[in-house]
Amino acid sequence: MPELDENLRAARRADFRVWEYLLLLLVAGLVVFAAPIPKMGIVALIFAAAVAKAGLVVRNYMHLRHEHLLLYLIAFVPVLLFVGLTLTLLPDIALRQ
Amino acid sequence: MDTLATSPSDVAVEPDRIRAIPQGKVGVWWFLASEIMIFGGLIGSFILIRLAHGGWHAEADHVHWRIGALNTLVLLTSSLTMAWACDAVKERDQRALKTFLFLTMLLGLTFLGIKAFEYSWEISDGFTPATNLFFAFYFTLTGLHACHVLGGIVANTLLWLCAVRGRRWPMIQHRVEFAGLYWHFVDIVWIFLFPLVYLS
Amino acid sequence: MIQNWLPLGASSFSGDVDGVFRLILYVVGAWFILVEALILFFVIRYRRRRAGQAVYVTGETAYQLAWILIPGLIVLLLDLGIDASGARAWGKIKEQTPAAAFKARVTAERFAWLFTYPGPDRRFGTEDDLWEVGTLHVPVGQPVELEMNSMDVIHSFAVPNFRLRQDILPGRTIKAWFEATQPGSYEIECTELCGAEHYKMQGKAIALDAKEYERWSREHWPAAPVRPQDQPKTASAAHGGNE
Amino acid sequence: MMTTAGASLTSVTEEHYAEPSFWRQYVFSTDHKTIAKQYLALALFWSVVGGLTAHIVRWQLAWPAGTRLGHRLLTPDAYNAMVTMHGTIMVFFVAMPLLLGAFGNFCIPLMIGARDMAFPRLNMLSVWTFFLSSLVLLASFFVPGGAAASGWTAYAPLSSVPAYTAAVLGQDLWILAVALEFASFLMGGINFLTTPLTLRAPGMSLWRLPLLVWYEACASLLFLLSVGPLVAGAVMLLLDRLVGTGFYLPARGGDPLLWEHLFWFFGHPEVYVVALPGFGIMLEILPVFARKPIFGYRTIVISVLTAAGLSLIVWAHHMFVSGMDPRLAAPFSVTTILISVPFVIIVFAMVATLWGGAISLETPMLFALGGLASFILGGVTGIFLGSETTDIYLHATYFVVAHFHYTMFPVTFFAGFAGLYYWYPKMFGRMMNERLGKLHFWLTFILFNAVFIPLFVVGLAGTPRRVYAPAAYELFKPLQHFQVAATVATLLLLASQLPFVANFLLSMVRGRRAEKNPWRANTLEWTVESPPPHGNFAAPPVVRHGPYEYSVPGSRVDWMAQDQRFEPAQAAGGG
């Protein structure tokens, strides 16, 4: 079944491409980490990189790209929720006197 | 609610796309949702307390970011092999499936090995969970994550054994995908732990 | 009627708290009676008597829904009213503290209250600090500012008559204030479970009118400063929780 | 955790329905009906223990140790342990296994026309994890130092520093037991959420789901979304105790307020995790015994989704005076009080369902109505505590105790009993005794109010809760006779459960055999034998309309099962 093989090879190539991007972002993060810029800037950039990495994995490796909206909701409502929780606690726990 | 007024009392089944999703997949995603909340709560607490203490930059200098980076590389690569295993399953390519599941297990074990070495190094340097709050969080976060990696390795091993025996193929087919979802989730958790713990 | 179950209010803001209480009481009281009466009436009025007595109403049409949505809307408006009045009183009690002439430190330690007064020089940690265990003497008609610390677990400083309650978290200095309006002796309770003897952790807030307070303070701060051996304990106890 | 993923990969296969061996049938069963009964048994056992703890606590409050009638051995620590365990047991080991474990497991697959849950083996794992957790909690009573004594809220540092309470091992076991309970209900929740999404019978569109299914799923969703941070918090708490990390210890840079937030972020939704299934049961029973469609089905569903969403952003109303930033109070007070709107709509929908009905007061209906009537008082008193200002005065008083018992008792016990009397025929194939049931209801209803009305009075006077000897305060000495009244009522309330116990046990052997549909109800569980066979439905039913089509004009009978076609009346008259 040659065309089956063909699909397989195509899929593998796609996954490998994603992995290359992940690697690129990892290196970028480390470069930023070493770069002589203010700490807050470093943290912001590194987190941008992490979010990008996570996005790549979720969309491609976890195929959320092809899934029903329901699965998006199941995945992202909790994320919003704990981010919201953390933000709400800022005045109480992070910025306490 | 359909009443007799609004619709004839008969099967009025609009195409139900939600019911069409494989139940196993929905279940795994719900499970991942609960895991997101657990790690989210822990990471949130870490960020909040860390901010309250002005960033803990001095304490954070005692973790070895090079090892962390290496482990990130290992885990990212294991995600690739896991993804390849899923591709293999889709194309019913048993040989590839065996290879890539095995590679994923191997990389997972490598990750744990490096982590164990790192722990022993830090502890011998006198940094334990009781040393200070940064290391308390460090060991809790990475330790909880390591347990999840271990769980993933166990799942992959079981599937690998099934693949080697070549039994129950239709059942494995789905399970490899679900194990993959879990494995990638564990990878994502690390993607965030790495900058949080090592680089900030 | 019911609000008479509350003990006598003896602080400048006990009126505000009781006011909000009364507002809520009337609002929810009315709803409570209405709904319970409806249920009782319907159950009696629509008991099954003959076959086919029930009417077929699905409550899906706008007209029918109005019967449950309009009450919901009314409740929404009443809620906002309650919120507004509550927020106003809260702001007065918890958010802005009036400039207080009279300051005292409250140190909670399982299972006792320690009260420290700055003395005539109005500064803590000095020679003339005075401390007493379990009793807090305050003048009537003056805002009293409390700086509260806990030495161990979470405690809660509560004086029912003052409508005052504030948890004390270890590791933080928590501020609270009140202004006694009537002389008298009022009970202080710990209302956060703090261990076996939690129930014994009580005290008295004694509000003295101007003349009485004058006499009391002259008793305690004659020209001579308080006995020195009290000093270190006072200072450390009062400061301990601040870090 | 991993076990969850591992087991959640199982799926319903055909051989799963072969008649199983004794062990697989009654002990390690994957049948949702057996699992429901196992949860039911555990819940009933724990309700006895919970009742006894209540008895000890109330006795101490009326006749303190040292007085003539007082308990001989009840030390302050033991009293705190009783209070702690009463709360823990009633919320986590009675309400949840009864309302979710028993009724959820039994009803969801039957009501949606499925042969079993989506992940039967995960379901079995869930009940056995709960069993394990029960053993751990039970053991904690008997370890040196006794059971946990830091309150069911386990506020740190009281709970995180072993030296602060007599219970050292007891507190550790408490944390372990609660963590296992969470794991168990997370597994259950994954089933409760996946099954109604993926295993609905043909024609069972989401808008045709019985309300109980909606409410059980909503409850599981809330639990799944809110419990995670507390699991993390519990891990930190355990490490504080065992390793000395100091996450909650200011001296080590930790923060006690963090625990309070993590706890209540879960603790408030948890109230709805318990309340929603209770409401779901009442919503199922009202239309059946009023012979009338539920009023505003879609509105009720939308309201509960709204309430669930809101319940995730109200938690800090438990912390108005906790020392948190006072600027947080107003917004949380607003969300808290706003949550009354969807509930008012749901309650009014229930009342409107009664209007124009043909109400017959069999025992299930009595309990449903009693639960509704009682819950309303719990709801309205919640406004006093939801308003940040009145909460300053009422927080941590007996007013709070009375309030949440008026919410939790109706949804747990009134709704729970309603559900038991209603589904007993389906569960055990026999009818319960009506006369005993009615007796049980009236005793329970009257005595329940007799217990907690006095506590409202005591609370309004400012009496703090969790106090070993309230009479130790001068201010509250005059109220002692209210405490005594509440205690006497409690003892009678406990005694008045005996008719139920007798009824429940005797009916299994003596009860009249139940036909398929003794209540002439519409939902699918009534279209199969009582009790339903393994695998429930011979062939998947085809659903033709919504679940509450009662007294349809021109119909031959006044009910119409969801898989039935409309049968016009031959001659005049009807069911």
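Letters are used for the chains, namely A, B, C and D, taken in the order the chains are written, and counting of residues starts over at 1 for each.
Everything that follows uses one rule, which is that contacts are C-beta pairs under 8 Å (C-beta built on N, C-alpha and C of every residue); 3 or more make two chains touch, one makes a residue touch a chain.
What you are looking at is a predicted structure, and each value in this text was computed from that prediction instead of being measured.
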Contact-richer chain pair [A-B vs A-D]: A-B
Distance-maximising chain from chain D - centres being C-alpha averages: A
Rounded Å distance, chain A centre to chain B centre (Cα mean): 13
Centroid distance [mean C-alpha coordinates] between chain D and chain A, Å: 38
Inter-centroid spacing, chain C versus chain B (mean Cα positions, whole Å): 47
Whole-Å gap separating chain C and chain D, where each centre is the average of the chain's CA atoms: 31
Set of chain D residues in contact with two or more other chains: 197, 225, 228-229, 255, 257-258, 293-294, 297-298, 327, 548, 552-553
Residue numbers of chain C (touch at least two other chains): 58, 60, 172
Multi-partner residues of chain B (each touching 2 or more other chains): 1, 3, 18, 21, 26, 30, 33-34, 36-37, 40-41, 44, 48-49, 52
Sites on chain B touched by chain A in the complex: 17-18, 21, 25-26, 29-30, 32-34, 36-37, 40-41, 43-44, 47-49, 51-52, 55, 57, 65, 69, 72-73, 76-77, 79-80, 82-84, 87-88, 90-91, 93, 96, 180-181, 184-185, 187-188, 191-192, 194-195, 199-200
Residues of chain C that touch chain D when the two form their complex: 2, 5-7, 16-17, 20-21, 24-25, 27-29, 31-32, 35-36, 38-39, 42-43, 46-49, 51-60, 64-65, 67-69, 71-72, 75-76, 79-80, 82-83, 85-87, 89-90, 93-95, 110, 152-154, 156, 158, 160, 163-172, 174, 187, 189-200, 202, 243
Chain B to chain D touching residues, read off their complex: 1-4, 7, 9-14, 16, 18-19, 21-24, 26-28, 30-31, 33-42, 44-45, 48-49, 52-53, 129-130, 132-133, 136-137, 140, 144, 147-148, 150-152, 154-155, 158, 174-175, 178-179, 182
Footprint of chain B on chain A - complex, ascending: 4-5, 7-8, 11-12, 15-16, 18-19, 22-23, 26, 29-30, 33, 39, 42-43, 46-47, 49-50, 53-54, 57-58, 60-62, 67-68, 70-71, 74-75, 77-79, 81-83, 85-86, 89-90, 93-96
In the complex with chain C, residue positions of chain D that touch it: 75-77, 80, 149-151, 155, 157-158, 161, 164-166, 250-251, 255-257, 290-299, 321-323, 326-327, 329-330, 333-334, 337-338, 340-342, 344-345, 347-349, 351-361, 369, 372-373, 376-377, 380-381, 383-384, 387-390, 392-393, 395-397, 457, 460-462, 464, 466-470, 472-475, 548, 550-553, 558, 573-575
